[in-house]
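In this document, chain identifiers A, B, C and D correspond to the written order of the chains, with residue numbering beginning at 1 in each.
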Amino acid sequence: MTASKDYTAQEIIVVAGAKVLEDNKIVFVGTGLPMVASLLAKQTHAPGLIPVFEAGAVGPPLNVGLPISVGDSKTFTGASFVGGLNAAFELTQRGFADFGFISGAEVDKYGNLNSTMIGDFPAGYQTPKVRLPGSGGASDMAASCERTILIVPHDKRKFTEKLQYVTSPGHLDGSPGARFDAGLQGKGPYRLISTKGIFDFEEESKRMRLIHYFPGETIESVQAATGFELLVAPDASEFAPPTEEEVRMIREDIDPNGAFVKRAKKKVNKNINLTAQQM
Amino acid sequence: MTASKDYTAQEIIVVAGAKVLEDNKIVFVGTGLPMVASLLAKQTHAPGLIPVFEAGAVGPPLNVGLPISVGDSKTFTGASFVGGLNAAFELTQRGFADFGFISGAEVDKYGNLNSTMIGDFPAGYQTPKVRLPGSGGASDMAASCERTILIVPHDKRKFTEKLQYVTSPGHLDGSPGARFDAGLQGKGPYRLISTKGIFDFEEESKRMRLIHYFPGETIESVQAATGFELLVAPDASEFAPPTEEEVRMIREDIDPNGAFVKRAKKKVNKNINLTAQQM
Amino acid sequence: MYWTGLSPDEAREALVNKDKSMKDKRMTLKEAVSQFIKDGDNVGVGGFVNIRQPIAITHEMVRHGFKDLTLSWQSAGMAPDYLAGAMMLNPDHFSIKRIELAYWAHEAFGLSPMFRFLAERGMLEIEDWSNYNMSARFKAGSMGLPFIPTRGPLGGDIPSSCRTKIIDCPFTGRPIALLPASNPDVAIIHVQVADQYGNCIIRGTDATCAEIAMASAHTIVTCEQLVSHELITQTPKDVGIPFVAVDAVVEVPFGAYPGACRRHYYFNGDHISAFHAGATEMCKGGAPDTLKTYYDEYIYNTKTFEDFIAKFPVKKLIADQKAESFNCERLA
Amino acid sequence: MYWTGLSPDEAREALVNKDKSMKDKRMTLKEAVSQFIKDGDNVGVGGFVNIRQPIAITHEMVRHGFKDLTLSWQSAGMAPDYLAGAMMLNPDHFSIKRIELAYWAHEAFGLSPMFRFLAERGMLEIEDWSNYNMSARFKAGSMGLPFIPTRGPLGGDIPSSCRTKIIDCPFTGRPIALLPASNPDVAIIHVQVADQYGNCIIRGTDATCAEIAMASAHTIVTCEQLVSHELITQTPKDVGIPFVAVDAVVEVPFGAYPGACRRHYYFNGDHISAFHAGATEMCKGGAPDTLKTYYDEYIYNTKTFEDFIAKFPVKKLIADQKAESFNCERLA
């Protein structure tokens, strides 16, 4: 279990995300790094992990490779159940998803996420400064999965006191029972994984709390890159770097084409890598 | 086209019911005589009739024989679509059923039907004098099919001024827009076929109106057997008796075991006739 | 407002801490019934009229004995008949407190004398709905919603005999009914095919089985044929009920007999009538002897459903299978 | 409250007098697009992101030209990209007035430069929902209901940017969202298999295609493979969209390309990027030349979608088919 010397920021996110997932639980997997992390978990400590994808696949073995879309053909082969979007979200709204695993562009200290727009809401809603893709299924997962795991690249502007638009509700304003009172289900954000560390949400205040900083970071450096005041767990510690084997699995077995995990050293054209010839 | 001399009351109902059905229309078929009539229509003037059954079959050719349940295996073979009850009723609520074809135990002059209970409602609801099977899908068909065709055995107590329980709404109290105002869809009862004749519902008053009396009946005899005042169409006329060929088709081709159309002459044990050996 | 099974929040909570893993759920019918059904439960009944009803499960429930059950279904025949007949004979051993239903009878095979007996004597609470109403209530339960809108019960007396609430639609202003979700404590379902994890294939009508299973806190499934997970996942779109919704899987050939089961057997109308005969006598004020004889012979003195099926002449069973193979001809 | 497609009552009325018979609905794509789509329509777009999107139909729509369309979908990629790119080049020929959506981008293939271009310049009205919201809105439309409840949009800003109404549940007292139904004027859908009457088999994700088709007044279907009614009705449970909901059937192999279509072909990411290049230039303030060259070569100067597909190297098409056959290996 030698520690990797050349892992990337995305790779440590993937490893951290995989470790948060528990064996034999149902995880509703959003697009992007959550797919890579779920596959790594399934191939390591959580072979009984049951992935659900919003386009309708329940429990696929994912043995034909990494899906590059949550509606990818690769999510359906060998699945236990295949429906459409309504079926997947109804199942989730019912309570079958232990975890929801989503990424977002902006996050606040209560784990609310923005993936809709950068700009002035509501006044500038129809003329956003930057138009992001929109919720997709993220706000539904945030509303109905029992616990959510969030991935957000760490950046002072992206870890912000006030979101420009709340796409996916987290702990809302952090007040006791806020989610229940709003009609939401589930316990809300459970872990957040950034490019700098792993966070939970403190029980009482529901505020984001640093529990592990990644190698090369300190409590101070993480706080310095965060646009709000972080809580810090009493036993906050450095997260172990990915092992060489974990990095090898990501690069060679799971995402050999760099669909979501970009290669650090040599410049690779992502689009060429995603084409069919390389599959 | 020789007129039959020995047809039964059920057989003329079946022939009359078949004739009301139009080719190339979608008919949501309730259990019992509506199934026999739909099959007769399909085998005579309406080969393009599209039957829908509430258990989920859409458009079966019904070429493996008469179903004896609306969830019968015979309704699914060769169907264009097979779902469950929600799928069938959602399709109907959407507006895909041109006709709903149902039977009931009691009817009033506005075509409202009772198939729930004989007794005192609401006071005696939990201790009915006679407990009938309940709505099944009849009230849903009444609420959402575009037009309904009703079959009720003619009897002064069953054609009643006031129903003991309204299971399936017809024209309600007959007032203009009553169905729309109640939130219902479709135009409501279109024809009623009894053991004595065929009725429509007069445009303005929505009251039951005799349009054809069966051979052997007169306007007066039908009125005498009816517990409310009937309207009579200006051109009310005698309905032509079933032809020998129609009766032969019912007895030999469509319901050879007398599942729904009882044999007149010789006493037949219906249950024995329904068993598998005879199929 | 009261919830007769689980409230929407309780139904959610029931799943949160449940082990939903893909594990071997095979057990005996006796184990399944004693482990997952308890007195006072709301039991969701699968199938439709006499099609694919969970007959074997109801026999085991009768042998076990239960008190004060609420039964929920859209249209049913033999499954509630078996439970109700047991109550007619000995309500101390088996009792139904309440039914929520659209229809209880037998289409071509006539009325249910059990229903008439219990209802006309006021022995159970009745809540009338329609087929779509009950189907939509289970659907709401399976979706994790407290209610679902439908047009179905508008305009008649059904809204006066059930818990529907009619509101003015906030978008159109026209009346629309809101039906409270049904989340039974336990679903009892018979299917054609299942794997050991509980993935189920249903042939012919899906009825409302997936919705009932997904809505309930627990689900017992019997199947005609237990197959490997590898086989079932070769055609995942055939799976009507996913394993996540199932707690017990029992292979029970003829598990819906004397009702019908697509691809397996057609109705045995003779036996349905024979079973009804004793209840009809009681309905007319007669003695329970005929019905008691039936229960003793076919249920209490058999240990398993296999013993029940073994009481039928082989020729009759084969005839009922052949009748069904005519309905949906295919190569073996 | 206004309805952007048909109101629930209009949607009902649209079906009442419609010829719903089982008739031959085969026609050319050109006939289908000109017969069933008109200026100002709300168009429901099938598929999911770049999976089974109705690409061939959007090409034909671009050639035809339409004004002031409203487009509705859950998550989409290339289909609205093609329509939006046409608007970027010449809004007098093709224009989108409004979009109702959950997501417009390409997952692993990045953002949509067309969406950024139009949105950041305020060139279209946007109504944001979630994937479940849009799916449920189509579902409500397909069910003939004015609304459907969901939890999805609660607690964030989505309710402030769309027509959701949040009410207190009359059964539980807790907040619940009511989403207005979506009943588009026309649905555009690509499927794997159809018969001449419009019965459709969908492989892999059903997406929300059945709901969109059932909700819409008219539906245009393209399919990879047109088969006989006899074949399709041998497995009626495979039929995902029944013929009653379909108005036009066109056999268009590769009809979702350069997106993916289960059992047929995997993504052509190169081409997606090549198409995006011109729009990205415009997004950065550049000239429309690159995008215009693309449209001229691939759409305006091709008469049919077959001509578009013929522009790809045979080796590339076969490679994309082989990649997909690895995803779901089976015997030919």
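Keep this in mind: a residue touches a chain if its C-beta (ideal position, glycine included) is under 8 Å from a C-beta of that chain, and two chains touch if they have at least 3 such contacts.
Just so we're clear, the structure is a prediction, and the values are computed from it rather than from any experiment.
A.B. asks: When I count C-beta pairs in contact, which pair ends up with more: B-C or B-D?
C.D. replies: B-C
A.B. asks: In whole angstrom, what separates the CA-based centres of subunit A and subunit B?
C.D. replies: 57
A.B. asks: What's the distance between the Cα centroids of subunit B and subunit C, rounded to whole Å?
C.D. replies: Whole-Å distance between the two chain centres: 28.
A.B. asks: Could you please state the distance in Å, as a whole number, between where the Cα atoms of subunit A are centred and where those of subunit C are centred?
C.D. replies: Using C-alpha averages as centres, the distance is 41 Å.
A.B. asks: Quick check: what residues of subunit C touch more than one other chain, meaning two or more?
C.D. replies: 144-145, 150-151, 169, 174, 176, 237
A.B. asks: Which residues does subunit B have that touch at least 2 chains other than itself?
C.D. replies: Within subunit B, residues 57, 76, 82, 93, 144, 185 contact more than one other chain.
A.B. asks: Using the contact definition from the top, classify how the chains connect: line, ring, star, complete or other.
C.D. replies: Graph shape here is other: it fits none of the named patterns.
A.B. asks: What's the complete list of touching chain pairs for this entry?
C.D. replies: After working through each pair, the chains in contact turn out to be A-C, A-D, B-C, B-D, C-D.
A.B. asks: Going by the contact rule at the top, pick out the subunit A residues touching subunit D in the complex.
C.D. replies: 31-32, 54-57, 64-65, 68-74, 76-77, 82-87, 89, 93, 112, 116, 121-122, 125-140, 142-144, 165-169, 172, 179-185, 259-260, 270-272, 274-277, 279
A.B. asks: Please output the residues of subunit B touching subunit D within their complex, sorted ascending.
C.D. replies: That would be residues 24-26, 48, 50, 57-59, 76, 78-82, 90-96, 98, 144, 146, 185 of subunit B.
A.B. asks: Which residues, counting only subunit C, touch subunit D once they are in their complex?
C.D. replies: Its residues touching subunit D are 1, 7-9, 144-151, 165, 167, 169-172, 174, 176, 178, 180, 203, 237-238.
A.B. asks: Touching subunit A in the complex: which residues of subunit C?
C.D. replies: Contact set of subunit C toward subunit A: 11-16, 19-23, 142-145, 197, 199, 214-215, 229, 232-233, 236-237, 239, 242-245.
A.B. asks: Quick one: in the complex, what on subunit C touches subunit B?
C.D. replies: Of all residues in subunit C, those touching subunit B are 48-51, 74-75, 101-105, 107-109, 111-112, 115-116, 119-122, 125-126, 128-133, 135-136, 139, 150-158, 160-161, 166, 169, 174-177, 204-211, 260, 262-263, 265-270, 272-273, 316, 319-320, 322-324, 326-328.
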